[in-house]
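What follows is chain A paired twice: with chain B in the first complex and chain C in the second.
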Partner chain A sequence: MTESREPHLSGVPGSVVVRAQHDMDFATRLLHRDTRDDALNDPSLRLTEDERSELSARLDDIAAMSFQDAMERIRDAGVVCLG
Partner chain B sequence: MPASSASDEASTHRLSEIRSFYDRWTPTLVEAAGTTLQFGLVKRSAEASVMPESSTQYLAELAGVTPGDHVLDAGCGVGGPALAIARAVPGVVIEGVTVSEVQATMARQLVAEAGLADRVRIHVADFHRLPFADASFDVAVYFEVTGYSPDRRALYRESARVLKPGGTVYVKDTFCREEPLTEEQRGFMQASDQLWACAGSATLSETEGAMRAAGLLDVRMRELPFVDREHFFESMVTRDGGGMRLNAFGEAFLRFWEVPVIFGEVKARR
Partner chain C sequence: MLDRGSIKLHVDRHLCAALDVLPPRVRESFEGLLRQRRLLTPDPAPYFQPLGHPLFELPAWVAARLGEEGVDMPDEVVSDVLGVSVLGYLHVRAQDDWLDGAAREDPGLVALAEALLALSHRLLVSVVGSSPRFWAFYVEVMTAYAGSLLRADELRKGAAPIRRSDFEQLLAQSRPLAIPAAALLDRADRWDLLGSLEEFVFAATAASQLVNDLTDLYRDRTNGHRTWTLEVVGASQADQLWTEVAGSTSGQTGQLHQRIEEALSFHERSARAAHALAPTAAGGWIIDRRAMLEALLGDLRGSLLNAFVARLARPTGRAEQLQDPREERAL
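So, the complex of A and B:
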């Protein structure tokens, strides 16, 4: 299991962070509730209901930042392996 | 075909591409970002807040614009910066030049609305072939436009021609980082230039060299230390209770996480 080391993204599964870092369209769709669910429903992300719910709260916080800050936090987030 | 005809044809084609680009995108850009179409807003310190108008007024100060000057704004967009300078510096008369008829029409309307038609005039022209007599200007400013020139030496020769002896040319731009760049960075740079219909971004030192080669004197360059990109990025999104989403500008122009550019200025005199 992996998750992000960036404080605002802590608890966010690494699969989501890595996908966002490689797919800007996916990253921007995470920043609005209307497009987020569809983005997170991608089966390749393998998210549980609990993970999706936790993730949505984190992403609401990020979507309240300036767009530049939000994108920089996603871009610069490191991912750690939790074993 | 003689070399000069081929070169003229290429130049006409480039100009036509830039004109089409700005004719197509200017209404979208203005709706999203306002009347100052620049990537970076320049400020006096890291802590200072900045708006497009205050950034332009600071740039005018850096360029050395003084009351009563005759100023060329080469690549004036829809006139936001020219108006900001006219409001800030008494007696200044500004000639703005754009290749886009759409930009010129919008700029003339903004100038008329501001009641500054006697001090800000807008012209449709190629900034390599300016419609002005020799030695017409005290200062020539280029704000984030020199990437549109396929021949910077010719560009600055034209600046030198229209400047009065001792007049100043001032360039504030995004400059490509000096080598070495990775292959990926080079790719981003090329793709970014293509996205914005640019001929290619120069480095600071290439710009300095082109100015010297054009016969300009006292060429000085530096990286600008305090530049705010937040205004630009924020103009790519709209917000509501559900968060933020890309608007038409963001959908079309948000493509890269990071382009290897720096913000800088190059200043010289004739």
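So, the complex of A and C:
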């Protein structure tokens, strides 16, 4: 379990990354600001209070970048126009 | 009515014919433009985008409507008109890329634009001959286009806010999109439908452009390009837009929702024009585009969640937030 708590390259603990990859409901709660704290308080993640508070701002940054990815995906789906 | 496979065949035939006659250096620029626009490939998807302008469907719709009224349009005429559609479109793209794109220093694009215009003129003459009515319209459209091209450049370089009136004024750049179908109307002596055709092109392009400006929001911000959409959303607020998509209720009143509502409003306007122009043939496209616009926020929500999960495991730094994702992919 220690291994999964190692910070991932994104700065997010491995336990959170792995859980989000396998549980879309958890990923959704992690994405939403209103439900994020509740998701991170899950004891199975074994996060300290400091880790949780640092993580929330980091997840906002990742969400903002992810939204640019999502817009880009819609763009790449093809819009033929003058712009 | 021509099906999409037949339309693509005609379009590709004209692209190949153009490649055959262009001098090597100009041909090189043309091949680059075709790659960029994903044309002349086996994939039909780039030719027919429900969220884009129905560049190749529009002449086919008009030909079908005229056919329903007993006006027969020979295949070679419809084919030549489709050639005008693709060569005219790429003429505009070459000019715009030279004015606005990364290839601004490439004189090949200017040469290519000239050559494509000449090739499309030859095709137009085969459809309308020397019709004074058509060529007067052509001159009016292309001079308005020229004025709009420079107005867009002024706006890009200036500091004044870009408002809805500027956005609509700049849509004069889309007027050449009416030329191919207008040639059919002239040939069939149904010039009375020109108003509906121009209204359709204006409103359909406005809807496309709004979606385009929305999805290009971050690229435009990074590159310092100003648009009505970026003005309304606010460059500094753009990084908070994801909260509207992630949230379950705010999406009904937020900035993204409002921009999509604007696009839908223009779409409904284009649907009314299409009803007058080609009610039978355009029906499916109108329904498909409305459905895609209505689903856009939901699609973004699904894409955001998938991208979020993927991003969680990727090495990222805060500075990356300011970078154009396409530039990032190119590294």
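Before moving on, here are some points about what is shown:
Criterion: the second predicted complex is superposed on the first by the 55 of 83 C-alpha atoms of A that agree within 3 Å, B and C clash if a C-alpha of one lies under 4 Å from a C-alpha of the other, contacts with A are read in each partner's own complex, and residues count from 1 in each chain.
Throughout what follows, a residue touches a chain if its C-beta (ideal position, glycine included) is under 8 Å from a C-beta of that chain, and two chains touch if they have at least 3 such contacts.
All values derive from a computational prediction rather than experimental measurement.
Between chain B and chain C, it is C that contacts the larger number of residues in chain A.
When the two complexes are overlaid on their common chain A, residue A:Q68 makes contact with chain B and with chain C alike. With both structures placed on the common chain, the touch criterion links A:V16 to chain C but leaves chain B unconnected. When both complexes are overlaid on chain A, the residue A:M24 reaches chain B and chain C alike. Overlaid on A, the two complexes show chain B and chain C touching the same residues of chain A, namely 21, 24, 28, 31-34, 63-64, 66-68, 70-71, 75.
Against chain C, in their complex, chain A makes its touches with residues 8-12, 16-17, 20-21, 24, 27-28, 30-34, 61-75, 77-83.
Of all residues in chain A, only 21, 24, 28, 31-36, 59-60, 63-64, 66-68, 70-71, 75 touch chain B in the complex they form.
Every residue of chain B that touches chain A in the complex is listed here, in rising order: 229-230, 233-234, 236-237, 242-246, 250, 254-258.
For chain C in complex with chain A, the residues that touch the partner chain are 37-38, 45-46, 49, 51-53, 55, 92, 96, 173-174, 205, 208-209, 211-218, 239-243, 245-248, 296, 299-300, 303-316, 318, 320-321, 325-326.
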